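Note that the chains are named A, B, C and D in the order they appear, and that numbering of residues resets to 1 at the start of each chain.
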């Protein structure tokens, strides 16, 4: 059970390290007949890429995707879609001084404990660059979902203790692209930006909350006991680096509610029963209700900070104070948006295929 | 991908419905040579059982487990351990009036959407009785973990907006058994009980938060990208009925912290580097650090309430108001304690075996 | 990876030992809405049962199945179908003298090497009784396949060096029930019976070949590289105790053929292209062609024989000669027929569901 | 369940088409600390490569492997090892005339039935070039097995009805490299070569049998019921293109043997019980005995032949006679040798890791 594969019927296997030769993904289970080109993937990779603003790392990574298999004459063939992004601009030497010093809040320590050795350059596989494979795979999932009318989008709803006001889905979709913080409430975004700048000046970092929404999801996705849709989403989200919490619908707030407040009543709508409210976040008993899926994730502050931190030189076994220099995002949530969308899209594509609402073998027969 | 199996190397498959003949579990991957008897299982099933106090349902279920395979002369043999609990005391007729009326907050609606037909009696497989299989399987996991010095325990830290004060692990272990609410802070427990009683009198219900702790977990459990230990825990927890949120360590609170607050520094302790704090909740980069695993789950208020609720008779497609009578827990978190412990134990046993820290084939060679 | 679960989308988990309390199976992934009763299962269990004639063991096992879950008002609900057969008539004492002496040709030695301890009574889980779970699960698969017009049947084509003549599928179906050897060629059956009787009188046993056929299988089942239909069938068949070889279509004979003989040409039939011959055995490139699936398996002679055999007392580490007494089949292939059919049905049901040719969630929506 | 991943604990995911941009494999589950370089892989890819003699296709493919991840400073890191081979020399135009005409004995027809569309160039993913991923992944498995003293080797034992004489393992290892047919019996090899030449001159092809042997395999690999070692080997072998039969140990011959001949007696050897003979082929009850694993596979004649064959133009739905021109092997078994070795190595590496006889996380802690 090596852990680099995600999904059952629609499945990605990712590979690559921050300062290795390349990073990539193999997407398996794509039904034949889907129009797919590198543009479909590049769009999302560009949104994932840092260097777009003051609030993200100024490194000039330019991640160009190549599709190596599984597409013929513009259509998927049902064969695995292998995609690759070459690494460049890697200044590995900068990591030499901390080769044997685990950075607080980073996976360095755990990798050493587990594997005995590790690629310390840029965090190796535990780097944020690992999400290239997730986003490239997620872009295929998204394309597939679009043919079924499913739309997945995310936005930053909280950053450095500033909370976005409540917005409609239309407002979120329209406004999220208008600032680099990917917060759909412009006034909140302004205040968030101040907090980001304060943190950067202090050599520190701040955390936040991202909300992921999927509209157009039909009722009936998810299995009854263990492969519940919400369980799979929780697994997908908690598995993204820096995520420490996941909630669905009313989430942690439900623990302070009464049953009479929390329960979504049913009403008749165009001759069908549907829930009249969405505290459930689109999922009850692990199965989708037909209403939008609502998920929120807690993202911790960037662990790489330039403030002094206590660590241990594992060669000498002496405690030591370190400052982490280099170009680091002072906050992660804005860059988390396309990654979290990708994970949601991957889970939904998987369940759409296993319930045969899409595919499974072909879209063109 | 049918969803009744959980785990990779240590794996349970559960079955059974609330008002069917029986419920049970097949536990596969138990190493040979573990001492195991029905007593080991019954202890946890008894803690799961309702009817023990005012705060849980007064139904007199008596769930006696039978081990049917995989144990020979008091030791496991490496073969699957099949266990079964017969159902009794099922008053199925009480559910006839709501056969075609989905109960708000319950999975009834989603099951009908997905399967076309459903066993409506007592919620069928979506009933809380489904957790019998989880708890029986979890008891085997727990027994296995105990030989490696791992202890899993849980307590109610919030109920109806009352929060337990901060306690040491020793205090939690010692006090959690002292009241039926399974809250280790006696003062908070008293206030919680008032809230529970208020809710019951009002025909309503309340939610809460359960914290699950595992001590003695070695560093190095979990895979780097997708089968991360925290992702697997999130999956396990979110897959329990009524859970709407999961967090690890600082959890959602981390979104309001600075990096300099959140990062756990490393220090030297008995010639080894270890984290000096546990905001991480025992897991960084998806891999255990060697410190205790800390997880909290948000539990929604019991959906079965006797207050009037709006629903739809799906035969006539007319809206209708329903009152749900019968014996129902006014709050779930106290009963969630053994279930959440079981899910944590299952995840840990799985990862202990796949990293070969226990077994995998035999404890006696 | 514990090995008691088979299948992906239609999946069985079996449990139980020869002289334990019971044996059973959990069938997961059965679409809702299938008519299913204990009769459907019992029919196949009765065919599996020994004691029906001179050529099988005279033990009076009577294996009555109970369905414990997953069926409501005569229809499957999409929930796992758990089934159980209680053990009785177990004379465990007879196995005491060989508790520490591995029987040649049996799994005793390997279990001890792997697990350190083993349930020696009647071979424990390595007994032929283990197939009860396979056959009960296979009966559900068969019922499901029947609604898609797929029929699975098997017959003994070789026993003790006597070969059945070539017969049509209709002749096989009609004649296989006419003798206890399950050979559809009555003349060959007569000679086979002589060989069986000779072997029994000599305290010895004989092997044979079983052919399994599935008609009505649509084109398009199977995955292109690793979960090929023939690979899954090979896995299913080689995993039955006593099977030492598996072949599809022309099988080993193809190694002596020319390409011009082996290749099945394509012709037009009712406006569709189809292969005009079936050397491929219904599968090319791992994917079904639409013609019948043809599989043959080599079954070794019963390892339990009363002739003197050399073994080792593992307590004293001294070599010793043993005679295995008791009631044993002098030949296995006739009893293999329902077991091999079950495994074929399980593979086909799995692939029918994953290609969404049946289900996956429900037959009644 | 998309079918491009193989293995549980040691797992490969392959991708790529005959005339696509590249082919490759992601190997997941490689323990950290294994010395690995491109040379280790290239050796086996070179053995797989055609163009080495008269008996294989004269195309000048030159398949150079690049390792893209998972290796740092010469050692594996526990992260996925991604490898890639670029395609070149692809004359796709030659396949235009048969774009809509399924070639007899090829997967063309089945792919069209399943996917609706297909990459017809050189057979697309169903080409023999697909095995590049298997062989590259198998080379990693082999390197890993070598540290545990396990050696996997194969040879052609039958070709065009000529059978190699019985040889010792030492003779096989020494002689298999001495001719391009990879037959370790030089006299048989000479006659086989005549048959190959006859077939080529006639525009036809011939089949054969390959034997795969693994020495040094410890007792105790394999699971008791469904993930038996022999079942996994059968799955691995039958899943190679052109294989129509698999047998273990005495194989199909056992169906003509008596129990007293087939059963391997146990003897005492250096104070341990071991089987004194190997009709079992190293596996009883699905678990390895500690003796060499012996497997044989039936390989059909190359389906691409230049003799006239009947097929159907699926555009016009008219029957048509085709001749397949181009450079094709007149026989496959010699090239099957490294592929079958790879599949055996993959199964053994997987089971060695899941029983923790190697790794699972690291070789260097």
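Heads up, the rule we're going with is that a contact is a pair of C-beta atoms (placed from the backbone, for glycine too) under 8 Å apart; a residue touches a chain by one contact, two chains touch by 3 or more.
Since the model is a prediction, treat every value here as computed from it, not as a measurement.
Contact with both chain B and chain C is made by A, D. Counting C-beta pairs in contact across A-C and across C-D shows that the higher total falls to C-D.
Chain centres here are Cα averages; for chain A and chain D they lie 38 Å apart.
The mean-CA centres of chain A and chain C are about 46 angstrom from one another, to the nearest whole unit. Between the Cα centres of chain C and chain D there is a gap of 27 Å.
Along chain A, residues 1-5, 8-9, 14, 78-79, 111, 114, 125, 220, 224, 354-355, 361 each make contact with two or more other chains. Those residues of chain B lying in contact with chain C across their complex are 1-5, 8-11, 13-17, 20-24, 26, 28-29, 32-33, 66-70, 72, 75, 77-82, 84, 111, 114-119, 124-125, 361-365. Of all residues in chain B, only 1, 8-9, 78-79, 220, 224, 354-356, 359-361 touch chain D in the complex they form.
Considering their complex, residues 1-6, 8-9, 14, 102, 104-107, 109-111, 113-114, 125-126, 130, 158, 160-161, 199, 204-209, 219-220, 222-228, 230-239, 241, 244-268, 271-273, 275-276, 280-281, 284-290, 298-305, 307, 309-312, 314, 317-319, 354-355 of chain D touch chain C.
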